[in-house]
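One chain, chain A, links the two complexes that follow: it is found with chain B in the first and with chain C in the second.
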Partner chain A sequence: MTQFVLKRLAAMVAVLLVLAATVFVLQRLTPTDPVHAMLGGNASKAMIAAEKHKLGYDKPMVAQYVDYIGGLLHGDLQMSLRTRRPVATDLGQYLPATLELTLFALVVAVVLGGLMGIATAARFRGSGVLRVVLLSAASAPSFLLAVLGILLFYRKLGWLPATGRSSVANVPTGPTGLLTVDGLLHGRLDVVTDAFKHLVLPGLCVGIGPAMSIGRVLRSSLVNTMRTDYVRTARAKGQRESVVLLRHAVRNSLGPALSMTGLQVGLMFAGVVVIEQVFAWPGIGLYTIQSIPRTDFPAIAGVTLVLGAGYVIVNAVIDVLQAAADPRIAL
Partner chain B sequence: MALAEPYVAPALRGRFGRTRRRTRWSSVSHVDQIAIGALVAVTLLAVVTPWIAPHSATRPAGTSLVHPFHGFVFGTDEVGRDVFSRVLYGLRTSWLAALLVIASGVLIGGLIGLVAGAAGGWIDNVLMRITDAFLSLPGPILAIAVVAALGPSLSHTLIAVMIVWWPFYARIVRGEVRALAARPHLEAARLAGVGRVRLAVRHLLPGAIPATVVTASLDVGNLVLTLAALSFLGLGAPAPAPELGAMAARGLPYLLEQWWVPVMPGLGVLFLALVSNLAGDGLRDLIGDR
Partner chain C sequence: MTFTSVQPTEVASPRSPSAPPLVTIEGLHVTFERGGRDVRALRGVDLSIAPGEILGVVGESGSGKSVLGLSMLGLLPTEPPPRLEGSIEVCGVDVVHADDDTRRRLRRRHLGAIFQDPMTSLNPTMRIGRQLAEVAGTEAEAVRLLDAVGVPEPKRRLRSFPHELSGGLRQRVMIAMAVAGEPSLVVADEPTTALDVTVQAQILELLGHLRDELGCSFVLVTHDLGVAAQVSDRIAVLYGGRIAEVGAAADVLERPAHPYTVGLLRSRLTLQARRAGPLPTLIGEPPDPRAHPPGCAFAPRCTLHVDACDETLPDLVSAGGHPGVAACIRLDVPLAEEVALVDAWPEVEAVSAIEPAVRLTAVFKDFELKSGWRSKEVLHALRGVDLEVAEGESVALVGESGCGKSTLLRAIAGLLPIDDGAIALGPGARPQMVFQDAGASLTPWLTVGELIGERLRSEGCGRSERDRRVREALQLVGLPAEVAEAKAVQLSGGQRQRVALARATVVPPEVLLCDEPTSALDVSLAATVLNLLGRLRRELGMAMLFVTHDLGAARVVGDRIAVMYLGRIVEVGPAEEVASAPQHPYTQALLGAVPGVGAAARRTRLEGEPASPLRPPSGCAFHPRCSQAVDACHTDGPELVTLRGSSGHRVACGPAHAAGGWG
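And now, the complex of A and B:
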């Protein structure tokens, strides 16, 4: 087990280095010269050369990469060309909003996917219709869900807000930056319910697609488990079908659904970027969208590194969890 | 040295073999039959769009923001362009782009998988470690970074998605090829003196085709959605071009009063993704065993 964890950690570090290398290469491919962008058009050749030397751009590529990695390890994500602030500071400001939305969407995806997988594993009349309905939900682009959700729940019914994270005037600036958690910590229930209302629509829009994928994998894994000998034994003991399914089959079928959840986190990051634009959610996605037209590559590199690292780490943790749940995997 | 090539076992002849269970059109559910039909129709539609679109996609056809069914099926947008024609052109772009990316993914991934699987040893090791590294990074996020680095345009978006889309296929083809390489008839072929390249192309590659086709057909729907999302983020062709994602994004300010401007392109994406997902399921049943 220890060996498996160590191996997995080594693989994770290797992948993170590849991620950094990819971003590093992309940075060199950008048409905008960072030195020119920083000094402006009137800079003399000597000034540019001096600045290049100061920033280490005249060193060999490999040395530059080593410097780059060293900077990353110290939390240096370079300066944003648009906001003229360190990218790390910008991300620190926008990250909590995105984190809260992603976590909420993840809960939605897991709960909805789990329910759906279990419900569809049993065959019943109309399961064909259900299949088309679920496939439609999986085929809907998240921005369409968002747009229809706003039309229905905001415009028609007026139940849910359509923009932003909060409509309360003085929100607590708490330790975590997650409004629901900070609200609870400060005992401000109004903030919590308000933040929750703002979360529901965007969270659902981000979570529904992944929920469908998780549900489909869980379903096929359940269907396989239900054919095994031990399930037949459980049935032969005279247990009710629901008990067989929920108590005996589900636990052994969770593995593939769990790895699917890990993979879906990557798609959810992309979904969050889109959804934040629709709901004017002040997170990393909005930051990305504002950075793209200004060709602010350091900002986008920072976003890619943070989200990419998050994805890689989440998947490594899930692998280890799976090995802990089913020791056969570590062999 | 004119040794006859060894007989290729029937199972390897894939769906064209005589001994293999015949897959029949009628064994596929009605929904899937309709979907496969619709997919063929969409492809034809994408080809002939310029001749059947009722109006221009980029020039105004009437007054701005006309409601749907008041002379224009999907209404008109903020500058009076026919939304239906724009959605038609958008479907064409999305569909052809998705096919192009899938084809390149299958080609690049297939080639790398074939080389890795057929060569084995350190070549296999190196190629697969690279593939694994790419597979463990979040594709869509990486694609955004690539487009941002190259500058937003449709061709850059396609290049970006191609870069992140091949590893999956490399893995599948390599797995199939490795499994085949261990079979006795491959050893027979090797003993008969079949060269490496011919062995890979003639004897290993055909075995990997069914799995690849099934995977690719199930994958098109995802790709359509990913491309639409990137286009929504502004990573596609610039302003007047009719792209479904970008149309929805630019229509957002009109959502509350003129809902059809952002909704109709979104429905276009839904239609395309749903048809490809259903047809993918159908093709899986048709081609069989996986």
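And now, the complex of A and C:
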């Protein structure tokens, strides 16, 4: 286990170094001058040069990279050129919202996918309908789904809010930044329900595509497992078909579904960026989209590194879950 | 063994004729649809099983024996659903017409099942205890069952996962599950085929014990008459989806009536089989279940065949020679005593001791396995192997699974680097290998001609020259030239193994390496392939190293036999001498475990299973299982020493050496 954690940490460091390097190369290739953009059109050449020197932008590329990595070791992600605040502070402000949305979407994906996989593999009554509904939902682009959802549940029925992540005044702050969790910790059930209502539409929009992928993989894995010798053994014992499926087959079929979940989390990060726009969700998707036109490289680099680290962590968690599901896998 | 809750009255007369049969099968037809064609697995089977009886169901692959077992359990594959005609009544339940739930309750209350491969038949992600408790009810009962089937430390084993147990222990767990809840009938489908011979003998003995203790009936489905002979009360021989012969086990084995039973018994590789020439074989191959002939399915292979055989299906009639029944219209015609054993092997020049084809000197090979949390384990596959194969000589390498015999073969073939020692090969063409699973060793998208010709291409043969030599190679292994255009999937198992042989011998190698090439084949085909190997190696002047777990095959194939245990050779010598007068206790035990037909079958049983090559025992690796071990065996690893007065019969055994006559 120790070895596993160390290996994964090493992998994460490697991923982060490469990601940071990529962002630096991109910065060099981009024609716009970020300092010029920051200071505005009528800044003098001297002012720009002075600012560049202050920020270290006049140094050679490699030196800048080394400086950046050095800062990274101390948790310093440099200053955002746009907000003029430390990128770390910005991320601390925007990340929890995205994290909460992604986690919620992940739960949606796993629950819906699991249900669909098991129901269709077992040919439960109504599983065909469920499958058609989910399939059509997943084949629509998520922004279309979002617009439809807003029209139906906000404009027409008025059940769910359409923008932001909270409409309650004085929401509790900390410790996690996730409103549902913080609300519970502070005993503010009104905050929890309100945050949950805000989560439902964007969460479904992000989670339904991955749910389909997970469900289909789980289904085909289950169908294969139901043909194995040990399932025949369970049937020979005279076990009910539902017991055979849930007790014997599901755990043995989780491997591929878990791998697919890991892959989908990466895609969900990308999906979140679009959905945050539609629902005016104050997360890092919004932050990134505002940073790109201003060529705010420290901000872009910060977001990239956070997402990269997140991806590595998620896949490490998936590996742990795989080993937990199958005793033959040793970490 | 303790089965406290058995009613002794039932056990007392397991074969009482008055008791109504437990299973009655009448006119059973089972048809599957595969690829738009009907596969007729069973074609009118009548059979009954008495309470407390062990019925051996014997047949080759495709005979329908497993389908018969599964249909009693109501567990036939359902996609696509098979068509059933006739009736199966098991414990008062009509299995053919009952609904799924009734069949499930029948299995729950009255039936048990043991399947071939205990690795795949146990749920890999569920602890043994929980799998057992599903049928045993309580943990205490699970412990009692494990104890009863001879699993050591049963309490601790409850917490184990299947992959943490050895093959033999897994099959014991499977048996414990099958007999939990005191079933009336246990269907065992090839329960020992995946196990080593010494473990197979233990498991068969256990089945017999369980019947005596529990009084339940067993159906023992097997392809090996010898296995059925060990424990069965009655034997039913299946051929082409129909019963060829049924009778008391001793009758069927000693006075077989049906020509197929006779042929099967004669092609069995026993320790008395003839070595001087080809083995008697059944001609041809088993029938294709998609296209049975209208008459007797065995007719095309039968020496008594007359025109009437092709017209109607023979009914079961009194066997004549014994009280059982057989399905043959020619039962009145006596079978030839022994199918003409005319040709003996051609004389081969005396092997030259100067220039061996293969010389192994102190060969070592370790594998590193990643194991668990952070550790690596070292698997000691070869622990100092010395062996010579002379030019044109055939050596059979015998041992149980995990002894390193296949590793050694792959090392000689150059497929594996060795850690220490030396492998010297003769000057001829490089070694070629023939594998156990011929189907898997043939590239599926190439034609047979391309597969065989591949090796000629590297020799710079022209196209027409290549075609000619491919034809020759096919002819040599007894295949028609048209096979060159076919792909591997279009061939039968026996044909594939012949193609594999043709590929290996199209450029005759100095030494042919065979890795259990017959163990996946039916009895009648195995003999054919062994004969082919015997002829090929003599005609082409190849040396041969033949790996097998079957001493019977080793004796027939090898000029010499080398017995391997845990990465070392423990005995080597002339085949007949090793097989008739084995010196090492392990060789003696292996011989004792060979399932035989007849009274001499019961001999010494070897306890336990081969030690793990991860932790070879100190001294002589065999000492923990050896009945003759003395203190010195725990510490001193014995060397191979030559038996005085023998022609190179060498044994590595301390107590045997101490008895004298060596050096």
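What we mean here is this: the second predicted complex is superposed on the first by the 260 of 331 C-alpha atoms of A that agree within 3 Å, B and C clash if a C-alpha of one lies under 4 Å from a C-alpha of the other, contacts with A are read in each partner's own complex, and residues count from 1 in each chain.
One rule holds in what follows: a contact is a pair of C-beta atoms (placed from the backbone, for glycine too) under 8 Å apart; a residue touches a chain by one contact, two chains touch by 3 or more.
Since this is a predicted model, take the numbers as computed values, not measurements.
Participant: Just checking: does A:23 make contact with chain B only, chain C only, both, or neither of them? Give me first, second, both or neither.
Facilitator: first
Participant: Give one of first, second, both or neither to describe whether A:2 is in contact with chain B, with chain C, with both, or with none.
Facilitator: Second partner only, chain C.
Participant: So, does A:195 touch the first partner chain B, the second partner chain C, both, or neither?
Facilitator: Neither partner.
Participant: Between chain B (first) and chain C (second), which does A:278 come into contact with in this model arrangement: first, second, both, or neither?
Facilitator: In the superposition, A:278 contacts chain B only.
Participant: Spot which of chain B and chain C makes contact with more residues of chain A, would you?
Facilitator: The partner that reaches more residues of chain A in the superposed model: B.
Participant: State whether A:252 touches chain B only (first), chain C only (second), both chains, or neither.
Facilitator: second
Participant: Between chain B and chain C, whom does A:236 touch in the aligned arrangement: first, second, both, or neither?
Facilitator: A:236 sits against chain C, while chain B stays out of touch.
Participant: Which residues form the common part of the chain A surface touched by chain B and by chain C?
Facilitator: none
Participant: Going by the contact rule at the top, pick out the chain A residues touching chain B in the complex.
Facilitator: 11, 14-15, 18-19, 22-23, 26-27, 29-31, 128, 132, 135-136, 138-144, 147-148, 150-151, 155, 209, 265-267, 269-271, 273-274, 277-278, 288-289, 291-293, 295, 297, 300-301, 303-304, 307-308, 311-312, 315
Participant: Touching residues of chain B toward chain A in the complex: what are they?
Facilitator: It comes out as residues 29, 31, 132-134, 136-142, 144-152, 221, 225-226, 228-229, 232-235, 245, 248-249, 252, 255-256, 259, 262-263, 266-267, 269-270, 273-274, 277-278, 281.
Participant: In the complex of these two chains, what residues of chain C are touching chain A?
Facilitator: Result: residues 73, 75, 100, 104-109, 111-113, 115, 117, 120-126, 134-135, 161, 163, 174, 177, 370-374 of chain C touch chain A.
Participant: Would you pull the chain A residues touching chain C in the complex into a rising list?
Facilitator: 1-3, 228-230, 232-241, 247-248, 251-252, 325-328, 330-331
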